[in-house]
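These are the structures in question, set out in turn.
Both of the next two complexes hold subunit A, though its partner changes from subunit B to subunit C.
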Partner chain A sequence: MAVIASRRPTERRVLLTFARRNALWGYLFVLPACAILLGLVAYPFFYAIFISFTSRVVGDPGEWVGLANFRYLFGWSSFTKAVRNTIVLVVVSDILKLVIGLGLALILNERIRGRGLFRSFMLLPWAMPAFVAFLTWRLLFMPIGGGINLLLSESGLYTDIIDWLGQRSTAMPAVIIATVWRGFPFWCISFLAALQTVPSELYEAAKIDGANAWQRFLAVTLPSIRQVILIVVLLSSIWTANSFENIWIMTQGGPSDATMVFPVLAYFGMQSQRLGEAAAVSVAMIPVLALLVIVVTTLMREDEA
Partner chain B sequence: MIAGRVQPAPRVSRPRLFARGQRLLIYAILLIVLAAILFPIYWMATISLKLPREIYRQPSLWPKIVTLDNYRVLIEEKGFLTNIRNSLIVASSVTVLCLLIASFAAYSLVRFRYRFKGVIGRLILFAYLTPTSLLFIPLSIIVARLNLGNSLHGLIIVYLTFALPLSTWLLSGYFRSVPAELEEQAMVDGTTRIGALFRILLPLSAPGLVAVGIFTFTGAWNELLLALIFITSEDKRTVPLALQYLITGDVLLWGPIMAGAVLSAVPVVVLYLLAQRFMVQGMTHGSVKG
Partner chain C sequence: MTGDSRITRRRFLGGVAGGGAAVLGGGRLAEALAAKSAPAVIQGGGKLTYWGGLIFSDEANQLLVDTINAWGKENGIETEVVMINQNETNQKVSAAVESGTMPDALDMGLDLLLLLSNTDQLVPLDDLYDRIGQAHGGWYESIDASASLFPGGRTGIPFGSSGNLLFSRRDVLEAKGLTPPPQTWQEVSDWSAQAQDPPLYGMGFALSNVGDGNLQISVLQSYGGRIADDEGKTVTIKSEETREYLQWVSDAYKAGLFPPGVTTWDGAGDNQAYLSGQAIFIANTGSVYLTAKEDDPELEAATHYAPLPAGPKGRISPINPNFRAIPKTSRDVEAAKALIEYLANPEFMEAYYNVAIYGPVLKGYEGFEVFTNPVHSGLLDLVKNGTAPGAPDVYNTAFADFSANFIVPKMVQRVVIDGVSLDDAMDEAQQQGQAIYDKYK
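Right after this comes the complex of A and B.
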């Protein structure tokens, strides 16, 4: 910089070319990533929307059919069930994860003996591969060889054998339990990290003002970690609404669509070779998804700045 | 802001939220949660060590006879080592490719000034949040057109759709926390921009690279949906794919399936626990898939 500054007359030009060359290198470095993402994310994204307006099947590109696929979907019971199930799955598991995750984070933020050990154990469900977690839960809920039935009968709570994943009333609760088991550690750890950045002076001030524990939680803790809670809820909703493994491995959407969700329905559509309709299933959730994504990216970029 | 670098507030002054009497309740809650966390893991491990008759006919909470036969069946009869090999090839290739491309991209986003930088940053975040379930149908058409169907190469390429945006986003966070002065100094001394990246920024971000590498590796190791669509022949199946075919088979082989679950979970869990410290830092960016 000193060298540039000493050459007064050419300073402007040198700086200009420096900025321009700098920008050029910047573009060059980001180019490979951009090219790959354009080809593998952006192009397929718009291609999916295009396919959803065609009668495409495997081996035949089909023709433009306008909204016919979507009209078909809304009259199709599997699709309406998938809409309802996805909402139930996301809302119920979000609430459970929020309560468990935040509760545990508040506990672990205190000086508790064995805190570090508990924290390591708590990470296990999140650290293990999703397919392993859901395979294990499928086994746990089996009528024969499953641990849940055995646990209930050995403890004398309930002795009848329940086919948890095989009957409509219990399949969705079972999937939700597995989803929460796998998901809550991420929530808890994120909240814990946020709690540790709350300055303790705020608590002291509140205490001097005579606030009790619950009032301190409402007045200090909650506002301080509001942003993180919002980001985690939104991110997790996006992931849960689009998770394939939990349903596919545990129930494949059954029994009789009781646990059918968008990704599994789209996958079945693709297996039956009707690509236009299958694409329409995924595309139908873009409006809600886009809203969530725009809100969460705005929050994350604020958070980062 | 990275939590790990912030000086922790003095612990002494933190008020106790719980009175002494409430502590008992707190420990009871923690104990119940711990049991709920560990029981499935315990079940997975014991079933993998049980004989079939102890799994189905005379089930018990504790195994009476411990056997490694399920592991033998899985490896000798089901050819699980091939699946592990395939998964290792795919996951490590994705990791290497991803770290290289993402390092360049993150370097550009953090250290260079140009128009559209904000737009590109936001698009990378969008790409990260675009679910695979939305992309798999068009991707299957594109991959077939490129003649990459049923190949590990094809799988490596499509895995970049979720791996690359995440690693770029996380690496940008790490790079931002490294002061730029050292690179500027090196460049004044005649180092090129690429030299500054490889000799200064990357070595200084080594912990971040390790953590991002672990995320990428495990993400690819765990992926099921795309593998299910793109891999059609048995000898190219990855670990999750092989295990999901075992549950859709005629006879449910829970012993070998759980043996496979243990074998595929252990390396990933060990890596995660090792990288725990860095992971929490990454998570303050609120961007780690869970």
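Right after this comes the complex of A and C.
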């Protein structure tokens, strides 16, 4: 007994040392990722926030100006319009991408002929460079010689010229259509992947219980892919809120700020090399995006719970 | 058309102009030129980096590259020429300034020269400026005024001048008994009403948030409107003269004299409209001329080129000079100066002007044969009789920021798109303009 008792503390020391060593190795492996995150994400992020409180221009670090850049920004009529337009663009695009993406995913998840071909074709808008895609849409929406007006007049549906991008009532819808067209494949392919993980037994059980197709969709499909939907909504919302090419190529924020959004407004600030102001525009977006991230992650945690 | 939009056109037309054979020919010419003229002073050594402004003529771009490289070879200096898309010059220079990787010398427009001069990024070049001026007949007054705008001396050496000319469809106008050019903006709208036949519209002028849209600043000024006072500090856009201008443009828009889409045109909007037969009048620096000459000689022959029309208070036709400059971080300022001085030699400049659409900056260049063709002669006329950048307003950083935010085209958009009253549109522009000017007080 005495021998055994005397060996126990030594064993514990060895075990503790092993655990500590294990932990140290863990920290060591995590260190590069932390360094990269700090250097490439945290530092630029907080530095941008710092710059937004300075009068920095290119070649001159400027000085601390407190909230002056934000006061200037909030007094700018284009800023108010950019806030509203960005929200409209993100919300409407997300809803349409959800409906189209999920609808197509449900169809492509069925055993239909040429399913592989359709899946490949469906990815084309996503694979196309944004510049080419939005330039093509700009050409399609051109009032004279544009494909859409040509289609309307040739089919006899409407013979007058519609200035799609040049009037307030149609400019934002036109931009949304182009944005949805380019973005829905990501939604569709994500939903398709998620749908393939739903166990077929769940559908069979629901059928036995007498659930019709719509009820099966609501009770089985949606809850099963809810996590994926939330992640896709989050990612796509951030991408759409930060998207520049769609607006810049199609309307440059016009007419009369009807399609002005945050990134285009920040670009105008950069043109004057006023880095403080440009940073303030970007920083002003953070609370909106942060709110979205919090809402989505909370919903996801609820699901996990 | 302003500098910004010209650049966009260059992108649009980038694939059109130029040819391989001519480029090779340019290379031989560059070597011959380098052998002919030796630089004044060479000190230091090592690699000299030059950022050239990419323009729509491949021949002109290649000629610049070959000439600089040949000059380097001749003088035992390793050179590296990087041609920068002028749409991206601002961003690339901003990044280079912040990271301390500016080239030894570079091309730039007036706006960037102003911004970099104000932050003390450039080497003063008064001595070089004077020496080049004396060697080549002296600088034109308008060019001299542009180069002397900034406090702390001249920091850029002009090498070419752009500016808008009024392109008119002579065939269409003469069929209606009208002989171009129209003398006033009012005549432009009146003639448009008489001669247009949609889809051929009269007034192919952008009213959008691109550089072309800022042509409207010049039109406003020709009506007597001003952006700011003589000190360049207090915005004075709300005035009876501005109201008169807004009324004119609004009436023309309501009468359907502008092609549909002008409020969201990009920088190539007027090019496309004119070349596709949708506009009788456009304002252009010459890219349309080059394309029409190449692809549609009938249209080129049917086009009349003239200075911009006058308003009730005079003709505002601003020149837009381009400069070569040396950053203070240059590793060999003397070599960079010698290169810039060399590039001003008439042999190179004549060859360059032959393939690039620029007006002359030095009086010694006036005799070049190229300045007898329609567009080049128009640009020569502009250099002689045009107005200084921004004039009658003060061209300062506030004015440049005001222009970069497209306050005047947006004011017009508020009237023609949103239907707000002229007074409300002027009030908004006044308030936004003053907020910009206040930042620079």
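Some notes on this structure:
Basically, the second predicted complex is superposed on the first by the 245 of 305 C-alpha atoms of A that agree within 3 Å, B and C clash if a C-alpha of one lies under 4 Å from a C-alpha of the other, contacts with A are read in each partner's own complex, and residues count from 1 in each chain.
Following the convention adopted for this analysis, contacts are C-beta pairs under 8 Å (C-beta built on N, C-alpha and C of every residue); 3 or more make two chains touch, one makes a residue touch a chain.
Being a predicted model, the structure only gives us computed values, none of them experimental.
In the superposition on chain A, no contact is made by A:S169 with either subunit B or subunit C. Put subunit B and subunit C next to each other and count what each touches on subunit A; the higher total goes to B. Of the two partner chains, subunit B and subunit C are each touched by A:I144.
Of the two partner chains placed around the shared chain by superposition, neither subunit B nor subunit C is touched by A:T17. Legend: residue contacts after superposition of the two complexes on their common chain; A:M270 is shown touching both subunit B and subunit C.
With both structures placed on the common chain, the touch criterion links A:S77 to subunit C but leaves subunit B unconnected. Once chain A of one complex is fitted onto chain A of the other, the partner contacts of A:T136 are limited to subunit B, with no touch recorded for subunit C. When the shared chain is aligned, no partner comes close enough to touch A:Q215: not subunit B, not subunit C. Of the two partner chains, subunit B is the only one touched by A:F262; subunit C is not.
Residues 138, 142, 144-145, 249, 270 of subunit A touch subunit B in one complex and subunit C in the other. Interface of subunit C with subunit A (complex): residues 90-91, 93-94, 97-98, 115-116, 119-121, 199, 208-210, 259-264, 266, 276, 278, 397, 400-401, 404-405, 410, 413-414, 417-418, 428, 432, 435, 439.
Those residues of subunit A whose C-beta lies close enough to touch subunit C in the complex are 57-60, 72, 75-77, 138, 142-145, 161, 163, 165-168, 171, 249-258, 268, 270-274. The touching residues of subunit B, counted against subunit A in their complex, run 3, 6, 8-11, 13-18, 26-27, 29-30, 33-34, 36-41, 43-44, 47, 55-56, 59-61, 101-102, 104-105, 107-109, 111-115, 117, 120-127, 129-142, 157-158, 160-161, 164-165, 168, 173, 188, 193, 218, 221-222, 224-225, 228-229, 240, 243-244, 247, 254, 257-258, 261, 264-265, 268-269, 272-273, 276, 280, 283-290. Within the complex, the subunit A residues that touch subunit B are 1, 19, 22-23, 25-30, 32-34, 36-37, 40-45, 47-48, 51, 100, 103-104, 106-107, 109-112, 114, 118, 120-133, 135-140, 142, 144-145, 147, 150-151, 154, 181, 183, 185-187, 189-190, 193-194, 196-197, 199-200, 203-204, 207, 213, 216, 228, 231-232, 235-236, 238-239, 241-242, 244-245, 248-249, 262-263, 266-267, 270, 275, 278-279, 282-283, 285-286, 289, 293, 296-297, 299-301, 303-304.
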